[in-house]
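As written, the chain order gives the labels A, B, C and D, with residue 1 at the start of each chain.
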Amino acid sequence: MDLANFSIQLLNSVQYGLLLFLLAAGLTLIFGIMGVVNLAHGSFYMLGAYLAYAFTGAWGSLALAVVAGTALSIALGWLLEKILFKHFYHRSHLDQVLLTFGLIYIFEELRSMLWGDDVHSVGIPAWLDWSIKLTETLSYPAYRLFMLAICSALALGLWLLISKTKLGMKIRAGAFNSDMAQAMGVNIVRLHALVFAMGVALAALAGMLIAPLSSVYPYMGSQVLIMCFVVVVIGGIGSVRGALTAALLVGLVDTFGKVLLPQFASMLVYVLMALVLLYKPEGLFKQ
Amino acid sequence: MTDALLMAQGLSKRFGGLLAVNDVSLSLFKDQVHAVIGPNGAGKTTLTHLLSGDLAASSGELWLNGESVTGWPHHRLSLQGLGRSYQKTNVFLPLTVWDNLMLAAQARDAHAPFNPLSWFTRADRNPEVSARAERAMTLAGLAAVRDKSAAILSHGIQRQLEIAMVLATEPMVLLLDEPLAGMGAAEAETMVQLLQALKKDHAMLLVEHDMDAVFALADVLTVMVNGTVIATGPPQAIREDAQVQAAYLGEATA
Amino acid sequence: MSAPQAHLETLPRSVQLLLVLGLIALVAFPFAGQDFYTQMVTRMMILAIFAMSLDLLQGITGLVSLGHAAYFGLAGYVLAFMSPADAGANILTTLPLAVLASALVALVIGFFVVRTQGIYFIMVTMAFAQMLYYLFFDNKGLGGSDGIYINVRPAVLGMDLENKLVLYYFTLVCMLLVYWFLRRLLWSPFGRTLNGIRLNEHRTQALGYASFNYKLTAFTLAGGLAGLAGYLWGAQTGYVNPELMGFHMSAHAIMMVILGGMGNVAGALIGAFGFELFLHLFKDLPKVGGFDMGKHWQLWMGALIVLVVIIAPQGLMGLLRSRKQDD
Amino acid sequence: MTTRRLVLTRSAALLGAASSGLLLPAHAQSNKIRIGLMLPYTGTFAQLGQACDNGFRMALEEKGNKLGGRDIEYFKVDDESEPSKGVENASKLVQRDKVDVLVGTVHSGVQMGIHKVARETGVLCIIPNAGMHAATRALCAPNVFRTSFTNSQPTLALGKAMMAKGHKKAVWITWKYAAGDEAGEGFKDGYLAAGGTIVKELGLPFPNVEFQALLTEIASIKPDAVACFFSGGGAAKFIRDYAAAGLKGKIPLYGSGFLTEGLLDDELAPAAQGIMTTLHYSTSLATKRNDAFRLAYAKAFKMQPDVYAVQGYDAGQLLLQGAAAVKGDLSNKKALYSAMEAAVIDSPRGQWTMSKAHNPVQDMYLREVKGKENIVLGVAAKALSDSGAGCKLG
């Protein structure tokens, strides 16, 4: 593996890592900061991908689809929080596992009834549909570079929001001790609804942005679900910085694992997770 | 030095920059109540955690009944006869008073968990354990609420259950962290009588703010301020000690 | 010594009645039911053993494992590896070995896993189970992604599990033994301590219990019992595959235990039968005016699960007891 | 309701459901032939399951829904492509519904479960898709017939076609699971026999679809060509990533037909131009038989058929021929099986016959993606049959 190849693989691992962060961003909010074990995170991701497919099919523009899709998923998040999740903040993790596992079944069937079981592809917007030549045989798709930028911006934005803004302070206070925060005048009910809706919207946004790369197919959500939990848990529950670091780490292990240790590739990520949890039981960046 | 049931030498505990307990040495002798008083944040509770093994000391030695027990985890210390109660009531709320006591009483000679005997024998059909629980219950006067679930007891009675559970493990040394906290006058009175009765056969460390109880019970008094011991001795001497007055008891004492 | 008051260990009479009725039905069932239903009920009993083994962890000790299927599937594979191509393996040697293998793996994994707490315990148990799943999924030597056949089902001393009836009653006896063992465990010093650990681990340690050893023993025991269920599953289907250790099967076990109600072993048993019955009921729903209800069984299953977690947080058992408040 | 009444009604209901639902009296002996369809109606392969279902029903509808003169009755089970429930679902059809023939399934893990039940109960079983080798090799059985392919059959024909284009050094890439390994075996046999050399075999865990790292590897190895096996969502993604990585123009991509079958919609087609695959069918196979079939299928189901629909259709035709030979008496197993073995199926993919191990002996077409279709360039391998290694039949 010469230097050129190594640097490209490094770029691949960073790109996949940032992609994983985008995937797990919604989960860092709902599971990380609000402490709700949300197994339906994969379903929101799948929902985003199918919305992107439906809207780009109807209007032909991914940008428009993303805007409409995000608005729709915020509404869905708000609704779900009001009807269901509001009653589960103080329930045990077990009840949350059960609730969200039931939702997986429901979302999977609704997707099948609404959009069928076909495999679809979503077009990359024309202005991004080109590649940069890296070597005489390999070039790098511009859309992935665009995603690189988007994910980094999102990582920075989310980190700033959570740790630097007033809202972020309220969110962290609410997560740390919701009764105390309430006593301090934070409208906890509205805050939870907002954070939950943001979490669902982020998961759907990931689906919409990754759809052109991943194509849209049944059960795509359940394939990413476990990886999202791995990222959030390794990073340290509730830490945005942790999720980003963990995502990059998993991207590294997965990319180079496939190339150097193909026969153990699938187990490597879980070995990494087990090691981190045993060495630092609360994850890398526990608050 | 040898007949001290519990002896601590140079115990310190540092939380990052804060030195919560600074080089404290003290000994507990049988049939003696050693009270520790001091303003809030003086490190009294941290000291009990260091003695009981709830917290690992940054430095210092610990001897129990003459044997070095430095660094032992607290379940081993407990088995060696070092029982402790907690400042914040720490009992099994869903269980009845009797079940709380049985669980405590059973710890002493429980089979190891991987020993099949501990899977098949009946927990409530062990005469020794039941006797131990019965004794602790009568001592603490909880017979009336024996089959009530701990959750619905009044705060005072829960504190009594806390003490009874410690007694049920039949310890040699008792570390009591503010047993009278949140108790009404009547309940406090019964508790003081109970502690008075317990003085025999046990070495007792009493962390308490209720000065009447302290001066009624204590044989030795230690005053801690900001993690360090500023005075130790018989209660009467401590009362007059100028330094203590300045640091803790405030202006002229009555 | 007075019997303790309303307690997890003593089941309300209504549940005891249900269990006795159920037992009578189970004993008589093969003579009334078709061959297929005998096999279906055998599978329900196997899943009941699996659910009860998880209840020892989840309901009694308070440890939520999202990777319990690893030990279930592993024992099935041990049977497959030890089954000769053309003859049935000997139950007397293979069953204990399979259970021991699962218990041993549970001990090793448990040693690492049990030191973590709360949500991290859930996640790390899942991580280890996924490791085991991919170990078998990726290695052709271990059967690969399509799994392995058990050509002839195990037998011993004239008791041949090829015969569906023998397998049925063998499984029934195993289920009753596991139920009896775990119910007795609730009353044992070990069980009482596990209960203490679930309620307040810190206080339990302060009383003198090494809670790590207790939790590790419970994890190992639960692994071994799950192994028993996995062995029986392999013996019944004659085919083991990596999905038996997969995330889906672990989640299935959690749902059975929660549906039934946790902490008293009977809940897990009722939950296993209830969950399978609902699954079959929804799948066999007829076409109603052009809308094939059965095809959308996932929708009804999802709705049922959400409903249960909202109205019956303590599961079916909770419903039976919620009317009769404690004193 | 007081607890007592609540419990009694609940336990009675539970037991009532158990008895009424489960203790069906043995079904009345009707002269209808009972056909069990065990296919994935939910799960990742739901689309493929439905296509097999459509094809099979269409074949029988064309003959008036009669088998050797007897009426038919369908029994459906959704196998969800869940291997752990394979035996359970198959037994449901064979023992509960007492089906005379079991048609299924798509996923090879579930097929292992069906095959176990088929070998134990001796029920006639027709496999419309799953290509796992064992069913028509070491574990072949007189009552088990396949109308699709073995996993290695399509890729067996790939090697020669690539050598014909002068690609002497190739890289093989697929998912590391049973179907991928078996497809790899086929490619290796065909390609090495034709004189090619496999420079590297790349594999990634199933169902991982993050191909970038391996595409970078391929770019650095610079082989003459790349051969692969992927299907479904993963195949669509591989095609896009391959093109996006700029490999499309430089290193020709070959694969088994499942790489492009039924995936060429407006978004994917541009990235797939020029991909050459080998498969026993193509929707745009220019034969009168295929055109008739496509017309009938489009009329019945309002969409174009794919290879899975053809395989389901042929399963129906095979059963029709067998039943006709025994005039509907499916219990006459010997005559039924020998008739089905000797059957010549006039399939939309072209005529094919049954091998001794009960797997199709069929032409493999070389196809190239042009526009939104897999245009058939020619026959890559004439009447290609699987080795049937280890099968003691016939």
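Here is the rule we use: contacts are C-beta pairs under 8 Å (C-beta built on N, C-alpha and C of every residue); 3 or more make two chains touch, one makes a residue touch a chain.
Just so it is clear, the model here is predicted, and its values are computed rather than measured.
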Identifier of the chain whose CA centre is least distant from the whole-structure CA centre: C
Geometric centre distance via CA averages, chain D-chain C, whole Å: 34
Whole-Å separation of chain centres (CA-atom averages), chain A against chain C: 32
Whole-Å gap separating chain A and chain B, where each centre is the average of the chain's CA atoms: 50
Intercentroid distance (Cα basis), chain C paired with chain B, Å: 43
Interface hub residues of chain B, defined as touching at least two other chains: none
Where chain C touches two or more other chains at once, by residue number: 134, 137-138, 298
Residues of chain A touching at least two other chains: 108-109, 266
Contact graph of the chains (line, ring, star, complete, other): other
Complex contact set, residues of chain B against chain C: 52, 54, 73-76, 78-79, 84, 86, 90-96, 98-99, 102-104, 106-108, 110-114, 118-126, 130, 146-149, 165, 169
Partner chain D, residues of chain C touching it in the complex: 12, 14-15, 17-18, 21-22, 25, 32-37, 39-41, 43, 134, 137-138, 140, 144-147, 149, 236-239, 241, 243-244, 246, 248-249, 273-274, 277, 280-281, 283-284, 294-295, 297-298, 319-320, 323-324
Complex contacts: residues of chain C adjacent to chain B: 1-2, 4-5, 7, 181, 184-185, 187-193, 195-196, 199-200, 202-211, 213-214, 216-218, 220, 326-327
Chain A partner contacts - residues on chain D that touch it in the complex: 42-44, 46-47, 50, 176, 202-205, 207-210, 212-217, 219-220, 222, 232-233, 236-237, 240-241, 244-247, 250-251, 262-263, 265-268
Contact footprint of chain C on chain D as seen in their complex: 2-4, 6-8, 10-11, 14-15, 17-19, 21-24, 26, 41-42, 77-78, 82-84, 86-88, 91-92, 95-96, 108-109, 112-113, 116, 120, 132, 139, 176-178, 181, 205-206
